[in-house]
Amino acid sequence: MAEPLIEARDLRLALPDLNARPLFGAAPRVEILKGLSFDVARGRVLGIVGESGSGKSTLGRCLVRLLEPTGGTLRFDGDDITHADTRALKRHRRDLQMIFQDPMSSLNPRHSVLRLVEAPMRLYGVANAEDRAREVLERVQLGGAFARRYPHQLSGGQRQRVGIARALALSPRFILADEIVSGLDVSTQAQIIRLLERLVDEMDLTLAFISHDLSVIRRLCHEVIVLRAGEIVEAGPTAEVFAAPKHPYTAELKAAIPLPDPDAGWLSQP
Amino acid sequence: MSALLRIEGLNVSVGRGGPRLLRDVSLSVAAGETHGLVGESGAGKSMIGKAIAGVLPRGIAVRSGRILFDGQDLTALPRRARRRLVGERIAIIPQDPLTALNPCRRIGGQITDRLVHILGWDAGRARARAAELLDEVAIREPGRVMQAYPHEVSGGMRQRVLIAAAFAAEPALIIADEPTTALDVTVQRQVLRLIGELQARHGTALLFVTHDMGVVAKLCRSLSVLYAGKVVDQGPAARIFGPDPHPYARALIAATPRYDRPEESLMPVPEAVIAALDAEVAAADRDWTDG
Amino acid sequence: MVRLWLAGGWLALLLVAAVFAPWIAPQDPLAQDLFLERLPPVWAEGHEPGYYLGTDSLGRDVLSRLIHGARIALIVAILAGGAAALIGSVLGLLAGYMGGWTDRVIGRVIDVWMSFPPVLFAILLVAVLGTGLHSVIIAIAVIDWTRFARVIRAETLAQSRMDYVASAVVIGRSRLGILATEVVPNVLPTILVLLSLEMGIAVIVEAILSFVNLSISSDDPTWGGMIAEGRTQIHFAPWVLVAPMVALFFTVLAFSQFGEGLKDRIDPVLR
Amino acid sequence: MTTVVTLFGVALVVFVVIRLAPGDPIAMMLPPGADAEDMARLRAAYGLDRSVPEQFLIWLGGVVRGDFGTSISLRQDVGALVLDRLPATLELALLALAIAVAIGTTLAVIGTLRRQRPAESAVDLWNGMTLSIPDFLWGLIFILLFGVVVPLFPVSGRISPALDPDYATGFLLVESLLRLDLRVTGDLLHHMALPALALALPLSAVIAQVLKQSLKEVMHLDYVTLARAKGYSEIAVLFREALRNAVLPTLTLVGVQFTFLIGGTVIVEKLFSYGGLGNLAIDAVINRDLPLIQGIVLLFAVLFIATNLIVDLAYAALNPRLRHG
């Protein structure tokens, strides 16, 4: 099998503890990621699932190098980017894109939809940036008049589409999606997931998809890693993990999901 | 069996003649029963609970319809009498445990408030009752927790405190407004279980507001499905989740992700269904005049 | 909306008066005539034609001095306000965006600056620099930049934590590029609102300095100088005090209301 | 620690600024035609013949020992002069603060209880105006209205000369109250009313605006809704649940604004010929009285820093989150 696009080995991250601020000396550090090893294979979708405090968003920000890991190695396409500085990263930036959880905060309120999607292409001097941007917007079903609108004039689902279009603009080789449907209504969530699914198929994207919702992960992802308190408790092909969870925590997570079938006994199950 | 709560033709709007947030809502909840209110954001599901408790935001008011609680029409009661009745017999479990406790007051006082100030209990008896309740929601050191400020306890603990406070005065009806939306699934399950147990033990009726079809399915015998402030489907869960739902209810269920049948879940709501609902709402608005 | 137009209208009027002062003013603002001292305004008994708002104790025309005073007021407002805005915003942006020791140094300087009573500091600076319009402008800029720096620093800090800054990092924009495209456009409205407020403050500070006789030579028509003069004549010729006070009142009100109106105008884009 | 650094910075800046002054204070002190020898002698007496860093260190050394030097124009000990005037200014500033808090809180509570009604618009309009007009202009307006048009209040001085009591401290208002010397108290308040109100109005608007805004935000929070559902009336909800939380963000701002108010006493005292620090300060600047200027500015800085310290302590006392550790 070909070399994976992203290779994480014993990845660690410790941040200064903001709650404990001693009078003298450096603040003690808390380990948020405790030695994670996994791969993201080319053309595959990796699900990263966990509850709050599991470190899943922090891990995401390390993968696109918004944060610098404090230990282990992170390889992208064979290159060690664990501690790469801004200059060294520059080469890879256009290949490592991200879709944010909260589009209201991740879309600059003063820029139009077109400008938001165009900006990355202009930065890299892509020819016909405007036409290309309109094309990408078309792909996320925001054609025509949407280009001229501003984020506050859009619905939550539409904003998230803009976020997706912006991430697609540079035709990156890797996209990180961080809880991108958690703030949306179920009907909108269904549309966004369907859209993402189609894009993955059509454009052969490599994706890491962070979510707290096992059901969504099950639908979208080929492989999954289950995170708890900064450690991987289980990893493997999604179908297998769901069919027969090896770790009790995975089983507990799965059992806690209320499926939309009436079942009075569910509450009293252990 | 007569209903504990019966809402008849409730209309709520922003200002006089402004847009309607609830459109002719009718429903009834029997004593000890659990009724679910589901819908997407903007469907007006929280508004119903706020209208019952009389805590609608400024500028939003009941325009017509009746809210019969134990035979009395709440909308017709004088303000003071209504506040007293609601204070004694109806309680709310709010959504966000972070903002639902006053950060400047100790937890104990926030549980006993209602007992001391509305029911006129003496402080000692109220504190004993609060300790008892905290024990019921599986908080191990009630004395210590009552002395603590909200920021000193965990999020899950805060939600338990809020549940204890809701049951403190043995209300006949509890309105739970998305009480588990901010929680992780494992914690959600514990909290739902806790609410269910307390409700059964105290014989309280529960109006459970949520956007999650899964939670309703597990918790409620009957439910109302809302769209744009209008009840589009109402009845036993067995029917709505079973053979004969309204097309919109069916669509919401189909849109809900499920790990056991991934291919059949996450179905977008058909545009035809939405169009039909919008036409219905528009037609209803044409006929409606501000009473 | 109404207040934006009202305030803007008054400021426009002031601007016209300032630019065309020599042509509009009915009299020479400096001409003294002891036979015409303390003439009442035109609606009162005993007035002289051509002296619409009366004269002061040296027989100088109040209206003409008021119109020429608008010049000095606006020059100070624009230059001092602009300079304070420039210094304060740049330092605030630097502190908020760079963080680290830059932030600590600038923050400490702001702390020190804020520990001076501003009016006393201004009087002190002008006393040191020597009276004159330029010292007034320098003094105001040197003192009031902190008003900008404090607010802009906080705002920049808040902006830097937004996800759209992270998203600009992800597409590979440089730090300077992010400052220019993501941060500054979102901070600019605040700067404009503060600038409008600051211009009102500058007008007042100039008046205060003239009042304690430190601005420019006491012959020159300044509103503060007129107020100082009027304060001594308050029982004999109250109009000498009232006219510049009213002008000052409306100008300060107009600047602040213009700022507030501007904020409302710009705000909806954000929400 | 940071306090000391800030104070040191203030002292340094004042020192440098003053030493840049072109005017020669010694020349101003002597009659015209004094010879060079006299000037040199005087200069040496005030230590002005040494280098600027040396002068700074000497002055700093004095300050640490509590010696602020001798005023050049008044030929008195700076420390004594300043302490003599401080009570008048403190009483004025604190009276203004009390007025501002009273007006501001009342307006905020009215604006919140009657929100989205005409009363709220009226409160907003009044705030907008009082906020933008500074103390200097308010002072002038009051002098004109209540000193000349309807002469209800005296417009200069701190107390009627006939009543000037021979008290042990300079805190005349406080001491007259303690001695139950109510005629003196009344006369003092009569004199202080206009300057205090001029200082208070802008601050009252800040308090009203910020407190109203944070009350409005708090009144939307779940715990307030919960309190309403418990059966409390709107007023009870506001005072029991909302006010204390809304006061916290207001408090920090009031601290900063109170330092502006203290700064404002400089010009307002001048305007009302009120015998406090501010009046002394302006005279000192005009007379180039270097030691006196330094002393006064340093005292103002201490007042500012003390204000911030008190606000921090009050904040911690009111906010349970900061109470432990």
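Letters A, B, C and D mark the chains as written, and numbering starts fresh at 1 in each.
Convention: a contact is a pair of C-beta atoms (placed from the backbone, for glycine too) under 8 Å apart; a residue touches a chain by one contact, two chains touch by 3 or more.
Keep in mind that this is a model prediction, so the values were computed, not measured.
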Neighbouring chains shared between chain B and chain C, ordered by label: A, D
Contact-richer chain pair (by C-beta pairs counted) among C-D and B-D: C-D
Most distant chain from chain C by Cα centroid: B
Geometric centre distance via CA averages, chain D-chain C, whole Å: 22
Between chain B and chain D, centroid-to-centroid distance (C-alpha), Å: 52
Gap in Å, rounded to a whole number, between the CA centres of chain B and chain A: 33
Chain-level touch network, classified as line, ring, star, complete or other: ring
Pairs of chains found to touch, sorted by chain label: A-B, A-C, B-D, C-D
Parts of chain C lying in touch with chain D, wherever the complex brings them together: 108-109, 111-112, 114-121, 123-125, 127-128, 130, 197, 200-201, 204, 207-208, 211-212, 214, 227, 231, 234-235, 238, 241-242, 245, 248-249, 252-253, 255-257, 260
Contact set on chain B toward chain A in their complex: 40-41, 184-186, 188-189, 192-193, 196, 211-219, 237-238, 241-242, 251-253, 255-260, 262-263, 265-269
For the chain D and chain C complex, residues of the former touching the latter: 2, 5-7, 9-10, 13-14, 17-18, 20-23, 128-129, 131-134, 136-137, 140-141, 143-144, 147-148, 256, 259-260, 262-267, 270-271, 278, 281-282, 285-286, 288, 293, 296-297, 300-301, 304-305
Chain A residues within the chain B interface of the complex: 51-52, 185-187, 189-191, 193-194, 212-216, 218-219, 242, 252-254, 256-264, 266-268
Complex interface listing, chain B residues touching chain D: 50, 53-55, 57-59, 80, 83-84, 86-88, 90-92, 94-96, 99-105, 110, 113-114, 117-118, 149, 151
